[in-house]
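As structure tokens, here come the structures.
Common to both upcoming complexes is subunit A, partnered first by subunit B, then by subunit C.
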Partner chain A sequence: MKKIAILVSLLIVAGLLLAACGQQAPQTVVVTQVVEKNGEQVVVTQVVEVTPTPPPEPVTLDINWGTEPPTADPGLATDTTSVAVAGQMFMGLTKFNPKTGEVEPWLATSWEASEGGAVYTFHLRKDVPWVKYNTATGEVEQVLDDNGNPRMVNAHDVEYAVKRTLDPATASDYAYVLYIIKNGQAFNTGADGVTADDVGVKALDDWTVQFTLESPAGFFPAIAGMWVVSPVPQWVIEAAGEKWTEPGTVVTNGPYVMTEWVHGSELNMKRNPYWPLWAANGGDIKGNIDVIHGVMITEESTAFALYENNELDTTGVPLGEMDRVKSDPELSKEYYNAPDLCTYYYGFVNNKPPFDDVRVRKAFAMAVDKQSLVDNVLKGGQTPADHFAPPGIFGAPDPGAFSKEMPFDPEKAKALLQEYLDEKGMTLDDFNALGITLMHNTSESHAKIAAAIQQMWKDNLGVDVKVENQEWKVYLDTIKKTTPLDEVPHIFRLGWCVDYPDENNWVYEVFNNTAGANRLRRGCVDATCTEVKPMKFDELTEQAKVEQDPEKRKELYYEAEHELAVTEAAYIPLYFYVINTVTKPWLQRDYPPLGAPNYWDWVIDWNAKKAATGG
Partner chain B sequence: MAVANLSAEDEEILSRRQRSLWRDSLARLMRNRLALISGAVVVLLVFVAIFADKMAPYDYATQDLDANNAVPSYLMWLMPKHAERYAKIDNSFLLGADYLGRDLLSRTLYGTRVSLSIAVVASLVSLTVGTIYGTISGYVGGKVDNLMMRLVDFLYGFPFLIVVILLQTYFKALARVGAEGGFAKVLLDWNAKMGGMLLLFIAIGLVNWIGMARLARGQVLSYKEKEFVEAARAVGASHTRIIFRHLIPNVMGPLIVAETLAIPGYIFTEAFLSFSGLGVDPPTPSWGIMISEGVQNLRTYPLQILVPAAALSITTLAFNFLGDGLRDAFDPRMAE
Partner chain C sequence: MGRYIIRRVFGFIPVLFAVALFTFILVRVIPGGPFDYAGEKALPPQVVANIEAKYHLDWPVTWQFVSYLFGDDVVEFLSAGKYQQPADGGSKGLIRGDFGPSLRYRGQSVTDIIKGTFPISFQLGLLAMIIGLSIGVPAGIIAALKQNSWLDYTATFIAVLGVSVPSMVLGPVLIWLFAVKLGWLPVATWGAKPPFILGLFPRDILSWKFWSHAIMPAIAMGTGMSASIARLTRASLLQVIREDYIRTARAKGLSERTVIAIHALKNSMIPVVTIMGPLFAAVVTGSLIIEQIFGINGMGRHFVQSVGNRDYPLLMGVTLVYTFLLLIANLMVDLTYAWLDPRIRYD
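Here is the complex of A and B:
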């Protein structure tokens, strides 16, 4: 029996319609199958006659991307919208299980680490084709190589993608997560004599790719699943340049292909029928969504109104509607609430007076009633934060671990501020004359939170704080560490969401004053932080990064978190995010805490949706 | 002597005529009931703006987080269905409270200050600058007129909002850096005291005189050839005198009308700028800020947008009707 060819996977291929006649006429189709014979792989091409049936109505998912994605290029994506779009079109080597958060095979079927854990070898699937959407016919087509065979995603594509992300010419903002790869940082920062060839990634053969790391890192398989590692089509990028992600040009390998991108308005996708993981193709992905219709609506309240009107299948719950959603008989059943791996915080500019004094920072931190903020303003069941990494991240302290040392305590806060004022011979009026400024990026909810906290500082400390906001890109530029001290606000708002579930992604990559952006300006020698001296926290995070013993790492991270939140009080952790969504009863969905949403796994009861929307 | 006498007599006749022109207009305005009511509303608004701190039951910034989104029991009929399941009923706030438990009525009353100040200051600035610029341009004529009007055309080419946004961004950055002393320091201190309003006034005023200047020039061009100007010139009146004594009072009518009709635009500009974070600094309330906050929970707590939106609508309508009434009053031909 084993001598009989075993079907490994089936690819219904290449819409080479030799006889394109009427709808019901039999058509000849070229079918290519990869078949394993006696352990050897053979590509078999057959000509088959099929009689097409009228196509059933596509199962359509209506979603809101939230905003125009800045890019669909996985090498350049930095924000959640871009990641969500790129994640449908490109496969990473691994992915996270949407329910458990564990790292699972995706493009790679298996991987192994060398002794010591500094070299990782990934074995790739051999049946994932490159596909392209034909805008003229409205069909998804396979991309053929020079010999007319379907072109498959291989290890060389992965190698190219990694080197492209790290190439300084690509200017990828997320290149830093690949600094763990040998010579990654040197190549990305343009160090002398380091070329792409020195980067520690190599295709050993067509289906095996090997990564050599700077230091052993147990979390590397999680990084390998990130969008910046997803294979991209070199030949298309080189031919089309920056416009390569437009529909009709873009060549992809994921479960969905982009069919239409009306910038600023909507971005639509269609199921890739050649994707080997669909149940129909012998895989184990059971989602039934044929078409993703995604609009770009920035105002959460508008999107929510569309949801109530059955025009969206799922959406977030805006702050203002929370009371009604939780008490409405229908909406409360559709409401879902779960912890999300993100943290909301206010950073102090640690070298800008008066926040260069730890007592002032502590006073401001202790004067914020996080519980009241969460209960009365946010209302979404968020957890008040007392440190940076939320539960679920490797190495994160338990929530509330430091809340005894950094409690909400107006008396103590006032005393600390008074101590500072006395020492400097200042009055509260002098202090207020300094014009303390809190800045956030423009958004309805950030403004609400800022207004609440502004008043807490006023009531509990007697301090007048000015609140300002700027558009996101301008804002990021304002709060970078090289902005002159005069122009940077004293306090700024930011959030951080997980890239991979390890403390290294949190305390080290965000706050270490040499590795991170150092917006807190910790340990600055001069005003614009051209030079920094590492402090205890920075040393702890560096140690923990290379430490191999998990228990020891946890201890180091605990100490580092304590150092930053309590000893230095360098920032105010405010709360850990939650997902607050509503979903129509006909949609079965997951809530992956990290990475792109897994639309490929979602299932819609189409008849129920049709009945409800009257379509 | 004879000449001097004639001039004095002439002046008397002219000034009597002027007064009667204004009085005629006033009489016509009095007959227009809608305009009259609108005028009363505007006077009332000015009164509210001046005495907001005396009238408001609470301070505009005081928050009572536990009373967030409170609704008074007698306004529950304005709320959506099932509201009794979630709304906090609290009669200590006359018109309810916002998401931070701040009194809506007090915030709306204080918001009148911002909106009306914008209306008054921006229109004074644009009226003064625009009238003087346009009149001089139209009166002098020739090359000077050409040059001055080309400058206006040039400025007109810039989209108004972008200029205001640029100015406000610049001013805000300036305010953050602070000034060492001198005039800039005085200005910034005042601005801080006014919750960021002063710089907003300047920004809006600086871009709005352009239309007024064009209008004034057009009027002056038609008036300067009229007989009474000829006569004034013939008796040897100086240019300054002709401009301020004879021309400006005559062109003022249409300008005031245009300005009144432009006021709702200024109020909206303030609302827009505050919404995009370039207006007044929180927690200073303005109707624009309140509306943009209210629209987010329109379907859950409609009261929070209804109150400031009603205030804005009434004000806008009042200024529009008053403007219409003034136009009819100053230019009876258009009314027929």
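Here is the complex of A and C:
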């Protein structure tokens, strides 16, 4: 009897100790107890294993969105912040591999192209439910259909989303990305007699959706991964109108649901427990982040201070902190330099004398020391560019592919310019009297780059180039192809960032003189390019767009890039962007080069984070 | 006095109208429109046309202005149905308190944005103003009374320093020192989230959580102000002390304390009060720099960003709010004059 009493008292003590040790790392506790054994008092020492209770708080990722997202509606998103937000809440048909950028299954498990490549059929997952966050209970709830079953995302939702994006009444900026779909452009521009029913997207059954294209397009699976194709809930949009993306109203299907959106200040999310791809639900997505707490800090140096104070798990590195980050023993380990699929370039106005002569363009291009620009001016580990599309884009030549033909070579540059001057019977002074102008939009970093290149032209060619700048929207107006020749600068600055990882999005959409904005004014019959003649480059890019054989496409794009950067020297590719980031050691992450960041794959060592933040 | 105030308030209407009209024209004269580009990408003209149609930017400018002031239904009525209001009713017009939709933040109205950001800017501005006055006025008085003493030189030196060190330098220095190095205060953001007391004042004014966030931005904004107030107070008080009526007061045998406190101080406050009006309107509508540095969701940034985004209704909205506050503040200043200087009467 006594023994049982002793045992019970021991258990109670152990229980108390266990409670006191809650939320601690696993440990063993020594319990000392005086017990009566066979009529004598004995001191018994026992080792009790204390099992720690799992952390009751959700695993929280602290990030900086950077700015208030202009929208969370995937049909309207155009900027990286909106895409990042919408990408957590809505699944596209495909997604891009966060490491390689290749197209992978996402909402669609498989797809096939028809013979000829103008019809694509996607087969959808059948287990992704629509969910909604209940602001009153703080729980994520499944949306039920009329029969009380969870309402699954189906092919009709995809069809609706595509037609909605193309509907002129939706007024979506990125509707033009879907012009590749049959009648997409006609419907979006309100062509006579074309209705939503004529658009080449159709749900064959609940789980199969078919796209009919205007012309064969090998890159269509990449387009299908873009946010404008993500299924959206028709019934919610029709009931709530423009404000359908507010928490409590919005119905989503992605890994995270929006719980709170204080406009301009914070946007927070929570794990969607019904999402079938989580490992816990039998899927293969292993991220452990329960809550995304996202602030909107515009100022990079403030975000960096927040990071140093352990208030953010990852952030960008401001240029001013680069040297310190690289030399600091801790920060240098947390630093990572990830490629960003963007290219910075200087365009020539190809029909404005003297840049209507390829020798002048080549001379200016070869007189720029891009390596020195990257090392001494930019200092962010960028890659010098010798063509347009950065590595990671389908069809992009290897970096440096054309650097033999278009090297930094002041001697050759000078000779080319001299050849031109001799032919025209000009002296260098006459040339300088032309008032060559380089223009960029107002920004400190663009000004620095322009000043460096201006100096290179002065040193290597002896030419005087005037640098001017204008406010962004005024600037974009100035460099349009319709601006009279004497008002447009000779050389202008621009950049381009990826929408989908295919050369078509680069050389064709930007530089093809009928499909793109043709700011370079290539092949113009008149001064303001109301009429253009296709050049070899334009024909190559047209051809590559509809070519079915991937290898053949690569060859065509290689040739097109060569044509533009070397043969025509129509522009100067300067460098490929990088993102300089720091990440706390407790966060395991990827650096997806395009699309929304894959927070669903990220893993936080929660105990390490808590220990560091003192939480 | 009452009639004077009423007359002044009615006088606001033509001023607000004129500001609205000029801003409306000016923003449309700047080259570039809100939807020509997505980032660096030129949008196809058809896409731009779709978006412009949605926001009625395809209407003639006069009708757009009528719509801004009176609403889409009035436009439909006046144009005899030529320009139709959209299915959801469209803009109700300024006159009915609708500032229209934001062109940049799809789905948010300008009224939403102002409601969300103005209270924060107001709190911050008010705190900064309190700091500015409570440091600036006493410092100026001391400097004036002890003219050419070490106290004067110290105060003047600090004032010059305060004016010369801009908040864009002071802010990051404060963050580096008190948040990153010492770890006493959080780096950024404004502690309180709406709702506020009366829509403007912080709800938990007594909590350390609020003050720990508020103190650095308020100081960064307030010190520059205190410096200019101190200099102005000093100059004004020095001038007043040399006036005849002060000599008279002294000749009557009043104590120096009474002379300064009753006769000199009140009069010397007139220039200070004069700048307080515009200063008040300016600080409570936010400061871009302070908001950027401390990550505060205030209204100041919208003055700048709405121009860059060509977000016409948002730019109009913040401009009109600022104008209205400026008019109110100036009226207050004028009323204060009557109290400070007995020679001024409003009848």
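By definition in this document, the second predicted complex is superposed on the first by the 393 of 615 C-alpha atoms of A that agree within 3 Å, B and C clash if a C-alpha of one lies under 4 Å from a C-alpha of the other, contacts with A are read in each partner's own complex, and residues count from 1 in each chain.
Basically, a contact is a pair of C-beta atoms (placed from the backbone, for glycine too) under 8 Å apart; a residue touches a chain by one contact, two chains touch by 3 or more.
Predicted model, so just to flag it, every value in this text is computed and none were measured.
Visitor: Which partner does A:Asp526 contact after superposing on A: first (subunit B), second (subunit C), both, neither?
Guide: neither
Visitor: Between subunit B and subunit C, whom does A:Asp590 touch in the aligned arrangement: first, second, both, or neither?
Guide: neither
Visitor: Could you say whether A:Glu321 touches subunit B, subunit C, both of them, or neither, answering first, second, both or neither?
Guide: In the superposition, A:Glu321 contacts subunit B only.
Visitor: Touch test for A:Ser301: subunit B only (first), subunit C only (second), both, or neither?
Guide: A:Ser301: touches subunit B and subunit C.
Visitor: Check whether A:Asp198 is in contact with subunit B, with subunit C, with both or with neither, and answer first, second, both or neither.
Guide: In the superposed model, A:Asp198 contacts neither subunit B nor subunit C.
Visitor: Considering only the touch criterion stated at the top, classify A:Glu139 as touching first (subunit B), second (subunit C), both, or neither.
Guide: In the superposition, A:Glu139 touches no partner, neither subunit B nor subunit C.
Visitor: Of the two partners subunit B and subunit C, indicate the one touching more residues belonging to subunit A.
Guide: C
Visitor: Could you tell me if A:Asp430 is touching subunit B, subunit C, both of them or neither one (first, second, both, neither)?
Guide: neither
Visitor: Please indicate which partner A:Glu487 is in contact with in the superposed arrangement: first for subunit B, second for subunit C, both, or neither.
Guide: After superposing on A, A:Glu487 lies in contact with subunit B but is clear of subunit C.
Visitor: Thinking of the overlay built on chain A, is A:Glu405 touched by subunit B (first), by subunit C (second), by both, or by neither?
Guide: neither
Visitor: Counting contacts the way the document defines them, which residues of subunit A are shared by the two interfaces, the one with subunit B and the one with subunit C?
Guide: 299, 301, 305, 308
Visitor: Which residues of subunit C touch subunit A in their complex?
Guide: Touching subunit A from subunit C are residues 30-33, 35-44, 46-47, 49-51, 53-54, 88, 104-108, 112-113, 116-117, 172, 175-176, 179-180, 183, 186-190, 193-194, 292-295, 297, 301, 308, 310.
Visitor: With touch defined as at the start, can you tell me which subunit B residues reach subunit A in the complex?
Guide: 61-63, 65-66, 68-69, 80, 82-83, 85-87, 99-101, 172-173, 176-178, 192, 276-277, 281-283, 292-293, 295-301
Visitor: State the interface residues of subunit A toward subunit B in the complex, per the touch definition above.
Guide: 299-301, 304-305, 308, 318-321, 323-324, 326-329, 372-373, 376-377, 435, 437, 442, 444, 447-448, 450-452, 454-455, 458, 466-470, 486-487, 489
Visitor: For subunit A, which residues count as touching subunit C in their complex?
Guide: These residues of subunit A touch subunit C: 68, 70-71, 73, 76, 78-79, 168-176, 185, 188-190, 241-245, 262-265, 295-299, 301-303, 305-306, 308-309, 311, 471-474, 476-478, 480, 494-497, 517.
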